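Shared between the two complexes below is subunit A, which has subunit B as its partner in the first and subunit C in the second.
Presenting the complex of A and B:
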């Protein structure tokens, strides 16, 4: 029997597998539109460009940027998701303490369930971005997201027994114009027993 | 500075043309700074080795936003300030762990006009010593001469 991902079904003989009906009602439901924690700033863009070794003057040379059709500095399109990641504290609260900034978002409810089910390993496996409009310095980037797809049963991966899901993001600017659609594929897995013992401390 | 001189023009590129390779050293600083400083991804698996191991990973590993940023920048830096990335699709396989090197390569696979834009498609790969870290395709619009 083959599943949606074209690979054979695998049920762990050691641990009971998660029941898909626990999350089914949360799949394919959009979150409310969330505000950014900050505007798109030239400082954030400068940090990105220094790190990425990006010397494109449209991002960092204001005099040059004013002479272009954009009439000012742009942010690299690939940065769109950066402006929507939380500031430090909510982020650490989410990842270390499991407290979500938006606990009622459908995707966050799924995250709580899969953590409880023992899928503690998280690994992003793919990302696609479709860009529709340039991001300008000074813009505010709003976003919605949904968990669009979730494995109905376990896969055996190199990391361990796991589930795959796909998140869909839509990013808008303050004028309600769609900037980008992004999909984000994630593997969540139960680390194998040997790994858990090895790093148990 | 003559910015126009740095642009790659749509007229001049060919299908099967290879982009020059670019290498990035991958160490703990690269991974931690990419995640926190450049891309605001404070998930501790990308900067705290103990936390990463408690989650079942052998070491800290690069976050996908940094991988996407490095590849996007590699393509844009080649093409110059007049180019735009329209679409990019990246698949990740082997993680970028510390003490590694990522070699980025790309090749033009399509060239066409659509809706007044001059487009190319590229296939790209970022490989480390264990194999492919990131591979995928991108669609870019390039400036046209005249």
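Presenting the complex of A and C:
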């Protein structure tokens, strides 16, 4: 039924919708706790503050920071995810070759399934962060990730028919203290036929 | 543009600038990740890396991307570049860099550097990208013990515009 580009004909039968039971057992399951690639450093914090034009001395003035209740430099809380990003190589391997750094993580298993089901369009729609503890320069930020919610049925969106899901990150320091909970909402969708034809050239 | 006034600054050395941060595993790791595709994490790096790549030295001299209180130009080379920019020579093009490394740069070192305005052309010089003034800068890097770790000769062409060859 598909042509050389994998495109269905206009008169093709309706595409079957995804069966939620394929991913149900993976929803709400935490990944193992992963280690950071970088320690929280004063140089990285300084770079962030330059980009963000943040002049709070608690982040960059060590002498001042020592006089505060924190007794040293802090990192901006919104920066928490930065310390958990992978290095360039796994990023390239994921986005170019589709190879995950942690392929057995439940969220990555879900991603493989939804891509196989034809939901190849991806759109981030919202992010929230809830902070519980300050991040100090010198901290190591560990993280877990779970697919917390996943639509049980298809939604009709302007991008095409799709599913919504929410990923939940939880960040911990080296003392096992919870630093932050971060949700990340995504719409994955099957691009409509006209879009697929456009992509196919 | 007062060229003779600028010429008086030739041969003068800037005051010493101390870099914003110590040489850190974090910066070195980022560099090695981009330049050498080194994928080790900070712990593996910390266990085996004790010196910074020499070629990275100039990276630490870069001014901050943004500062709440930007520093006005005061050093000889800064004053010349400012004067040329005011006269319309707004495009600075690095055209040569010669680096001499004399001592290893260790993780944790706090470096300082000075810049000597070694030369300024008396008139516009022609380059394949257009005409401009040639500025020769001599950088000297020292560590926290006052030992010279590197000397670098940097040549810049300050031009009104770049004419790309097609």
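We take it that the second predicted complex is superposed on the first by the 184 of 201 C-alpha atoms of A that agree within 3 Å, B and C clash if a C-alpha of one lies under 4 Å from a C-alpha of the other, contacts with A are read in each partner's own complex, and residues count from 1 in each chain.
Following the convention adopted for this analysis, a contact is a pair of C-beta atoms (placed from the backbone, for glycine too) under 8 Å apart; a residue touches a chain by one contact, two chains touch by 3 or more.
The structure presented is a predicted model; accordingly, all values stated were derived computationally and were not measured.
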Exercise. Which term applies to subunit B and subunit C once both are placed on subunit A by superposition, clash or fit?
Worked result: fit
Exercise. Is A:128 contacted by the first partner subunit B, the second partner subunit C, both or neither?
Worked result: first
Exercise. Which partner does A:48 reach: the first (subunit B), the second (subunit C), both, or neither?
Worked result: first
For this session: Using the touch definition from the top, say if A:57 reaches subunit B (first), subunit C (second), both or neither.
Result: first
For this session: With the two complexes superposed on chain A, say which partner A:36 touches: subunit B (first), subunit C (second), both, or neither.
Result: second
Exercise. Of subunit B and subunit C, which one touches more residues of subunit A?
Worked result: B
For this session: Answer with first, second, both or neither: which of subunit B and subunit C does A:88 touch in the superposed model?
Result: both
Problem set entry | Overlay on shared chain A, then closest C-alpha pair between subunit B and subunit C (Å) | 11
Seminar exercise, completed: Intersected contact list for subunit A, partners subunit B and subunit C 44, 47, 50-51, 53, 55, 87-88
Seminar exercise, completed: Within the complex, subunit C is touched by subunit A residues 35-39, 41-44, 46-47, 50-51, 53, 55, 87-90
Exercise. Any idea which subunit B residues touch subunit A in the complex?
Worked result: 1, 3, 33-34, 37-45, 51, 53-57, 63-66, 68-70, 72-73, 76-77, 80-81, 84-93, 95, 136
Seminar exercise, completed: Contacts from subunit A onto subunit B in the complex sit at residues 44, 47-48, 50-58, 64, 68, 76-79, 81-82, 85-88, 91-92, 95-96, 120-131, 134, 159-160, 184, 189, 191-192, 195-196, 199
Exercise. Can you list the residues on subunit C that touch subunit A in the complex?
Worked result: 20-21, 24-27, 29, 33-34, 37, 39, 41-42, 64-68
